[in-house]
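In the two complexes below, chain A is the common chain; its partner is chain B in one and chain C in the other.
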Partner chain A sequence: MMVDEQIDDTSKTPGTEPNRLYFVFRDGHEAYAVPPTSVVEVITKTKATPVPFTPDWLDGVISVRGAIVPVLDLFRYFRLPSKISTRRNRMILVGVGPNAFAIWSDQIVGVETVEESRMEPPLSNLTDSLLKCLSGQFRTEGIMVYCIDLQKLLEETRGQVKAL
Partner chain B sequence: MWCRVRDNGTGFFRCLGEQGHPGNGMRKLIGNLSVKWKMALATSLILLLAVAAMLWYFPRHQRQALESGMKTKVTAVAKMISWSLVTEMDAAAVSMDVKPIEEVIASAKQDQDLIAIRVEDANGSRLTGWNDEEINRLEPSAVDKPTQVFFGKDTLGVVESIAKDGKPIGLLRMDYSLASFHEEDRAAWRFGFLFALLIFAVGSLLAALVGYRIVRPLASMTSTIKRMAGGDLSQDPLPVAGHDEIGSLALAFNELLTQMRELTSKFNIMSTTMDERTSQILSTAKQQEAGAAQQAATVSEVTATMEELAATAQQIAKNAEAVTRSADDAANAVEDGRDSLVTFVQSMAGIESGNKTINDNIVQLNRHVQQIRGIIDLINDIADRSDLLALNAALEGTKAGQAGKGFLLVAAEMRRLAENVFSSTAEIKQLIAEVTEATNATVMATESGMKTTREGADRAGEAEKAFGRIIATNEETTRASKQISLATQQQHTGTEQIVLAMGEVAEVSQKWVEGIRDTTRSVGELSGIISQVKALVAKYRISRT
Partner chain C sequence: MAGETVEKPRKSFLILFRVGEYRLAVEAFSIQYIAGVNWTPQVGAEEEDHDRIVEMAAVLRLPPQEGKRTIVIDTPSGQRGFVVDSISNEEIILRFIEPVPPLLEGWIKPTAITGFLVEQEAVIGVVDFHRVDQAYFGRMPSVRPKGEQAR
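And now, the complex of A and B:
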């Protein structure tokens, strides 16, 4: 199932803008949004087994119900300037097609409905790696939420791992 | 009193003033004359007498010598002529020729002094003569001696009898002029007078010279002595001329001057030294006076202090009695205190055991609290799992779309419940933390309290021992204070005796002060006398500087 963006049913009513559903979570200072349909499940933090000859943003692999899932550290991958959050207690298991990977989070905000008008164009002052995987952004309660294109992220990460 | 009457630089006439005797004017005048003039006067007098004697004796003797010479001369001449005339007379008597006689007379006329000559025969008749009209007017015609000489006023007459064989045959008369004789006599007188005058003058001059030689050192000595009397001892020594009395006097005077100078110098030094010594004595005496006065003051102070001491001793005796009483009281009080302390120690033991129970209970409580914390953690875990479950359920509900909407609401409610549980457990955790803290503090406090109680009990034990020592000390104090009381009583008696003795000392020192004051006064007077002596000595200048 390849669903990038799921249109909320309520947005189908005529005369109104189409609304989008996002699964919003936080990691440190940053807040990210992914489509709820790509989220397999949320699990408690699990010790990752390191994999040799991998980039530093790949923490290792975990086993979820018999499946081996790599753990991606977005913070390291996007090369953010602040420190890694110490309150990380959740892992979000996302699935892109047959591929699945886990992302660190220290707070799950929940599923949020975002009107199209709230979407902002990508900022030009972001890092290359973040900009490449970004489908847009919006603000909620004054915090900038980056909408991540999981397909692009997967391709980019795969490309980088292969380049090693 | 000596007074100078006249001083023209040549000598002094002095008068004795009222001390002189009124009846002795001449003696006074002579006495007042200068020695020089006295000597000159005496010498002049002697010379005058000598000259007078000379003038009286020598011309007379000269005249006599002249007369004798004249007599001898005329006698010789008369004899010679008479001898010449003997033969002529005989011839004349025979021949009556007088011519040969005239020739003899002519030869005799060669003597210029002869003024008249006459030859007479035995009868006295004039045979011949020359200028014989006035001859021998004074002499008698009779001649008893072969040769007679008569001195007249201006003439000298000679009568010579002409004898042949002892028989007078004629008479020769001659007159000689005394003009030359008088002339010689006058010349002798003149010479004698001039000689006397010369002697007088020379004698006077010598006398004046000798007088001057004598008087000059005396005058110089007089002025020197006057200056010495005026205080100037820095005189040059007198010149010593010769070894006579004047020289000896000058020597003696010089020695006197030297000795006076030495004496004055020594006296000066001595008076200075005496002045210094008396000053020192005076200052020392004054210091002594001050010291004695201070001593007297100190003695009175000491007396006062001793009296105070006596009073203090009395007070101490009283105080010692009071101390004895107080010590007795204290002994009783300490006994009571020891009893109380024993009770206190027992109470402390009770407190310690109570504290121990409290501590045990609190430890128990703490264990329960820890158990509660475990339960809370379990609840928290369950809430977390519930939250995760609700979240995943909500995700599933979202994925289900419209069908899962009701489920979504339930899941949301479940999440809120879980969050409530989270906040409650967080509060409980906070409370548990506070309780743990409080119990820990209590445990520590009770432990500290137990420790303090133990220490208190130890201290109380020590205090009990100290009380025992206090009781012993108190007994000693009582004994000592009794001894002090006795000793101070004795001290009181002793100090009273000292006070009496100090009174006597004060009297003696007062007398001493008076004595030193008298000494100071006497030394002051002595100092004044020495100053006067010094002033007197200072009048005598011993050097020209």
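And now, the complex of A and C:
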């Protein structure tokens, strides 16, 4: 599944600060954001098929129109201290170059325009694995949203598997 | 990516089986036969039977299961039996095996899953027992202590 990543995620009006577009979603207590151009579709699914010989953060695989798609559990991968969501009812199917994978979610917040001035420095209590994949963070409606660099996420996951 | 060969689905005869929460398959041509749980390998007197029987539940890091069947493969060092929970009642089925996506291939270690089949919304991994044998047998012999009888 290829995703057209040539569309600019930023917008700028002369004389104003650059804005970035983010697709925001929640998984339990956490909120994440990814570039909307990387989102292929939102799938209504509640279960992935487990695959043996894989790390615990790989929840399994699903079939999307015949294509086998791995499902990542960001909660497990980032080793977050909060409780895992029990209301997961959909997956965000994302594409990074030729690779496609799905991420669990229990609520889609929507596409948000974020001004550069809203971006905050990383919190000191973030886990190492989250810090490595963070391209920024901002607050919306009182909730901290973590902007995930999907390319970096894939690189880090490969590094983790090799270390097993 | 330009120049990259895309692996296509291929048809094969498969046997479905279960180990705990996993519903899996194995290509029929890759195994010798399926035996009961009390299978013992055809080995010489100097060989230890228990080293040739592998509990798949232990390989997959599951709690001990009530294994009922043994999938037997032939290896250069002799027969090896992998105890699983059950074999599908359908016995042998003919299906297309989808290749493992390159991204997922990098996350499977050891690379003992060689493809998937989609069966009524469920995705079933195809296990290569020879790769399981190569990856695990050297550092994880059978979980049955010496002298323990098979059920």
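Following the convention adopted for this analysis, the second predicted complex is superposed on the first by the 149 of 164 C-alpha atoms of A that agree within 3 Å, B and C clash if a C-alpha of one lies under 4 Å from a C-alpha of the other, contacts with A are read in each partner's own complex, and residues count from 1 in each chain.
Everything that follows uses one rule, which is that a contact is a pair of C-beta atoms (placed from the backbone, for glycine too) under 8 Å apart; a residue touches a chain by one contact, two chains touch by 3 or more.
In this text the structure is predicted, and so the values were computed from the model without any measurement.
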Which partner chains sit in contact with A:V111 here, chain B, chain C, both or neither? Use first/second/both/neither.
first
Between chain B and chain C, which makes contact with more of the residues in chain A?
C
May I ask you to decide whether A:L80 touches chain B, chain C, both, or neither, giving the answer as first, second, both or neither?
neither
Figure out whether A:I62 sits in contact with chain B (first) or chain C (second), or with both, or with neither.
second
Quick one: classify A:T37 as touching chain B (first), chain C (second), both or neither.
first
On the A-aligned overlay, A:L154 touches which partner chain: chain B = first, chain C = second, or both, or neither?
second
So, A:L21: does it touch chain B (first), chain C (second), both, or neither?
first
Could you pull out which residues of chain A sit against chain B in one structure and against chain C in the other?
none
Of all residues in chain A, which touch chain C in the complex?
49-55, 58, 60-63, 66-70, 98-101, 154, 157-158, 161, 164
Name, in rising order, each residue of chain C that touches chain A in their complex.
1, 19, 21-24, 59-60, 98, 100-104, 106-113, 116, 118, 121-125, 127
Touching chain B in the complex, chain A uses residues 9, 21, 23, 36-37, 39, 41-44, 90, 108, 110-111
Chain B residues touching chain A - in the complex, by the definition given at the top:
384-385, 388, 391-392, 394-395, 398-399, 401-402, 415
